[in-house]
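Take a look at the structures below.
Two complexes, one shared chain (subunit A), two partners (subunit B, subunit C).
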Partner chain A sequence: MIRLSKYRPSRQMGLVVTFCLAALAMVYLSYALPRLLPGDFVTAMYGSSQVTLSEAQEAELRAYYTNDRGFGSYVIQLACLDWGYSYAFLSPVSHLFLAALPWTLLLVGLAHLISLGVGFFAGVEVAWRRSGILERTMVSGMTLLEGVPEISTGVLLLLIFSLHLGWFPSAGAETAYADLSIWARLAGVAYHLVLPLATLVLAYLPGNFLLTRNSMVMVIKARYMTTARAKGLPPCRIRYAHGARNALLPLVTRFGLRLAFMITGALVVERIYAYPGLGTLLFNAIQARDLPVIQGVVLISSLMVLAVILALEFVYKIIDPRIDHARAF
Partner chain B sequence: MISVFRKCWVSLTVVAVFMGFFGPAVPWAQDRVAEVRIADSKGDWGFPNPFRHYPRGPGYVRMSWVFDTLIWKDASGYIPALARSWRYEPAEKAFIFHIRDGVRWHDGKPFTAADVIFTIDYFKRHPYRWVPLDAVAGAEIIDTDRIMIRLERPYAPFLAYVAGTMPILPKHIWETVDDPVNFNDPKAYIGCGPYRFKDFNKAKGTYLYEAFDAYYQGPPKASRLIYVKVGKPLIALAAGKADLANIKPDMAETLREKGMVILKNARGWNKKLMINHRIEPFNDKRFRRALAHAIDRQEIIDKAHRGLGSPASFGLISPDHEYYNPETPDYRHDTTQARAILESLGYRKDASGFYSRAGNPLKIELMASNITVAGESVSDRDGEVLKRQLEAAGIRVDLVNLEQATTDGRIRNWQFQLAVSGHGGLLGDAMVLERMIEPGKSSGSVNSARYGANPELLELVRAQMSEMDPIKRKALVFRCQEIYAEEIPAISLYYPETMAAYNPEKGIGWYYTQGGIALGIPIPQNKMSLVK
Partner chain C sequence: MHVRFKETSLKDPLFMVGSGLAVIFVAISLLGPLLAPFDPWDMSFAPISPPSETHYLGVNDGGQDIFSELLYAVRNTVLFGFISAFAALGIGVILGASAGWFGGFVDMIVMRIADVLLAVPAIMILIFAAALFRPTPLTLALILAGFMWPTISKGIRAQTLSLRESLHIRAAVQMGGGGVYIVRRHLIPEMFPLYLIGLAAKAKTAMFMEASLGFLGLLDPSRKSLGRMINYALNFYYMDVWWNWLMPPILCLSFLIVSVTFLAISLEKVLDPRLRAALSGRTP
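Showing the complex of A and B:
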């Protein structure tokens, strides 16, 4: 019999090496892809402005903003943790990124957690009550909701709750420059978060619910579930400790990949609600052809995807030890 | 003890009541509002100083709250600012300005004539792209409150493009600054405008200004001025989260019902069909006229903009401009006439009903994109309507929708055939003719026709730039419009309705500046609204 421990460290090392090579490829793509965008910063900034430039001025500006020292120099810069300097904002890319990141983490992270939790529990409960009216209603409703794009949901929520009812603000992450105490400010942030968060939860929830429900339907048919019932275990324990845990894997994969794409995933919602996250930062940078910012955001989001996929490799084994056994043979 | 306390309390109360009735009135303290919030969909327009704001109108306006100019404009025209009076001396080829006294910078230091001289010299060494100073030879102090700005040559747009646009810098701060673009010290935002700059949050796209109570034209009406970024200005206004915002014309009725005041701008911005007149068949003005006849501009307005707009003049200058020539040639929509011109050029209809010549089908690529109008990105369906109209005239059209920066880049590099674009400045100084026609300017606006095929037109465009007599200049501009419309290097399609709305409850009366703010910015955020 093959001893698993003999193979695990080398396999893990192999995984890490593979992902490192992928990360290097991402670094190259983050350098090369933005440069393929048509147009440049000077045209984007001055093209439709009221400023008149002479040829010499334009050449000087173009030389300043396209001072490309090559991929090697870019890698060295990254190794020194220098992400570059934004053409438009005239400030380090890292500052811009770190200023926008908390808002994206708050909005998208919270939306994922809420939709994961609600979707998971609702999916499990509905699958357990198979063929009932609740299941049919929920599945139909969620299937319908899955087809509604975020842009429609967002605009609808704005119209109803902001314009007509006036219950929630229509834009921003907080009231700008309001002189508030820390608790009042936190309350303000939460208040501004309601509509964008609701939009994203409504976008993510149906997928999580349907995936959990479908996985659970397959798991319920398993023999160990029959055994668990025969043993006289409480229904709640059967559902969650025996059933739901085995139905969790696809949901974990979905959650991980969604989280990895959080930077661009909320771009539409951030635009609708003028929420100051990374999606807005990237959108504005692309419009302005602000190469350093585009490079920085593309690189970080790519590395996040890789890191999450790598982390999922280890998380799978914790959730379902059978995966580790299967790979050993 | 208690009786003493009671006596003091009663005395104080009596004094307070007396002062309330008979004390000195402080009008500004009674009329001033706590804050005014202006909504904007983009948010980020750069830091508000001459070297860090974005080269677009909203960027300049954010800077103008902090930095004043020699003269300014309000709803009626030019008004004194840092200069209380001015005149042109033809013999000297110079402008004489009487500088105000008693003006303070935000740091309390006095503003003097030396600051104006320094500013001109500084901008010559470190160009501020909004203010072309190549026509300015130099400046000197005549006496304590008079300066002379000498010109290299007579320069008609001087008041609009220099005196009314150039922000004056404090010499005592900038004289030691060699790298103005990267000078981001708090001192870089010391001006003598009505507001002090306090904060710009890049992530949120918000700006905060605080009133400068020692402003020479009187304390501002609002203690704080805040720019907020919003996705939907209609909702922000209706919900009271903003006091002023640009709006789409469709929103006007809804906001009017909610008590907002609706402002409508004069026709200063036009949608334009750019033509690559450097390549065949567009290098033939007869072909360009055929295009003009094939296009039904009213239909574009009706179908793509619900009737909210008006057909543009083919002569570039707006009908609302004092220099507009009502005799400018016009090309009425006439598909028959368009076809007749095409056939006179040798095109014949093939079996598919489209024109071709010598076996080559007449097929045109038409580029369209979102256009930025007064700082707001606007999408529309003009390209689709144009495509249908040109195809009805027998011209195959390949419609390509691209993002604005991509379209601008291709227009700039002449990698296009037809492109839908747009620009403003049509109500400002007639210098717009030079900006939109002169082929010598390689950059600046991608909306420039860069047309040099008609020497008479170019000569007139250059001549009006140096004609200081308004009557003679008007005659030159009239003739420019006639020839431009005959040559038709680009087709001005229509003027979309440009509107804004504001909440009147705060007692601030916003307006569109005559001819636009500074050199023609078409947004109703004139600082005089918060001063006078």
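Showing the complex of A and C:
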């Protein structure tokens, strides 16, 4: 009898295959759904005009404007960064996308890094010093903050710091039309980044903090912590090398689970501060009903999120070697 | 699963605040049309007038009464959240319990689909669908539910795996109960307390999504929505109208989401005694 189990692929390999299939399905949907819409450029252009087209002329125009060449060439076009041409911005979608992408990566990446780092250290330290007034205020404050959505924090920060105090700019990512040296330019970018970044950090931080604290509280009671203490290790080493490493795992796991839903907040925050990233591009495209841009941004950014989450699956394995056995089906 | 609701929940300030706010918002949603002094679509008032005796929150740039708009917007957001959360809960519970009970192939397929759905940003699919087809809010709520069930079904599956070994389930199997019968009559009713957490957590996500979609201008412009109101009011934020036009929808949205977040956290504490010790801030 052939032992099938010997050939069972590991969870990681299975996930890679599943994610590739999902990516393919999304590309197909992005190809097929717009074709379900009634009407096309030709009907839009000549449908209500004075010109009456004969059947042959209409077919000719349709052949000229809609070069529908099937799914295979659509995928090749995608891979060659040929994502269509924007009606509203009169520019190739790939140019618009690649111009906006660095700003979004800067904003969202930095927000995640800061909130993961601060949330993790604050969570570990607060869990270590339990039952104090500090812990109670931190936990209550973070719980409250967890409930306040990005729209509200974003608008409130805008009203307070930009409108009333006038400390920070209310829109843009750098000082426009200024001929500055490289350092002044970087300072301008940082200055414009403060408010949107603060909004996103305030949104992401509570979840990371509460999760780290709760898992660290469990970890502290574990027996290996008593052992580490009995060995006479310095407290800092017990806390981080023995304790926090185990509290890190749920944080990374939950990050993967929440990332796809956290994109929403980033879109909204970019629109509030008119930050020139993908969110603002998407917002403007929606206002102008610019379908090629919407299609491009939606598809490519979803594929990027998919790739990040798949990459995280491999990070879990590095952080915790047990996981490959524990989570296998 | 046994929950001592009276002893635990009613003493928890988070639960009290959360449920108090929730009761207020549900009342507003149910009574909204009766409480509203004007028709929110009536555009016959003086545009951008400050709050007065007749218009409690003033009038917006289109000549509509902001207070009436707000009542309808809260109603729409709450309704969207509930529909989406209930649908996600239904799918998640049935698939999670089936995956946990039947195991093997069913389990693998359901969990793989769940993994993928968790990795796809739901907002992007919603934007795409909304931009292409302009679906009704109900359709959008159901599409969103299609992306929210995986977290619920993962929790339900884990609980099913531990319930499988309990005595009464084994007794039911001994008496000849089939798989569908056990899932339907034993597993699904048994895990009821878990559903409340799932419902609160998903209602939070769905309400936030509704506000964001409205904010990004993807919902029907004539439909009142908190996100839509914030989006319009934000265009005039530099004028002196922000406190009566921009703040009310912002505060409503915040309190709404704070309410369901508090409920979700406090219910989680009740159901997981280990977590209760961790969350209450005292060493047991």
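Keep in mind that, in the parts below, the second predicted complex is superposed on the first by the 250 of 329 C-alpha atoms of A that agree within 3 Å, B and C clash if a C-alpha of one lies under 4 Å from a C-alpha of the other, contacts with A are read in each partner's own complex, and residues count from 1 in each chain.
The rule we apply is simple: a contact is a pair of C-beta atoms (placed from the backbone, for glycine too) under 8 Å apart; a residue touches a chain by one contact, two chains touch by 3 or more.
Only a predicted model underlies this, so the values are computations on that prediction, with no experimental measurement involved.
Contacts of A:139 after superposition: subunit C is touched, whereas subunit B is not reached. Legend: residue contacts after superposition of the two complexes on their common chain; A:103 is shown touching subunit B, with no touch to subunit C.
In the overlay built on the shared chain, the residue A:289 is in contact with subunit B and with subunit C.
In the superposition on chain A, A:26 makes contact with subunit C only, not with subunit B. In the superposed pair of complexes, A:54 makes contact with subunit B only, with no contact to subunit C. Once chain A of one complex is fitted onto chain A of the other, the partner contacts of A:176 are limited to subunit B, with no touch recorded for subunit C. Contacts of A:273 after superposition on the shared chain: subunit B is touched, whereas subunit C is not. Shared-chain residue A:263: touches subunit C; no touch with subunit B.
Shared contact residues of subunit A, touching subunit B in one structure and subunit C in the other: 37, 158-159, 163, 271-272, 287, 289. By the touch criterion given at the top, residues 37-40, 42-55, 57-58, 88-91, 96, 99-100, 103, 158-159, 162-163, 166, 169-173, 176-177, 271-274, 276, 281, 284, 287-289 of subunit A touch subunit B in their complex. If you check the complex, the residues on subunit A that touch subunit C are 14-15, 18-19, 21-22, 26, 30, 33-34, 37, 130-131, 135-136, 139, 143-144, 146-149, 151-152, 155-156, 158-159, 163, 213-214, 217-218, 256-257, 260-261, 263-265, 267-268, 271-272, 282-283, 286-287, 289, 291, 294-295, 298, 301-302, 305-306, 309-310, 329. Across the complex, subunit B meets subunit A through its residues 37, 39, 41-44, 46-47, 52, 54-57, 127, 129-130, 132, 181-182, 184, 199, 201-206, 208, 224, 226, 228-232, 234-236, 238-239, 241, 371-372, 403-406, 408-412, 421, 423-425, 435, 441-447, 519-521. For subunit C in complex with subunit A, the touching residues are 14, 107-108, 111-112, 115-116, 118-125, 127-129, 131-133, 151, 204-205, 208-209, 211-212, 215-218, 227, 230, 234, 237-238, 242, 246, 250-251, 253-254, 257-262, 265, 274-275, 277-279, 281-283.
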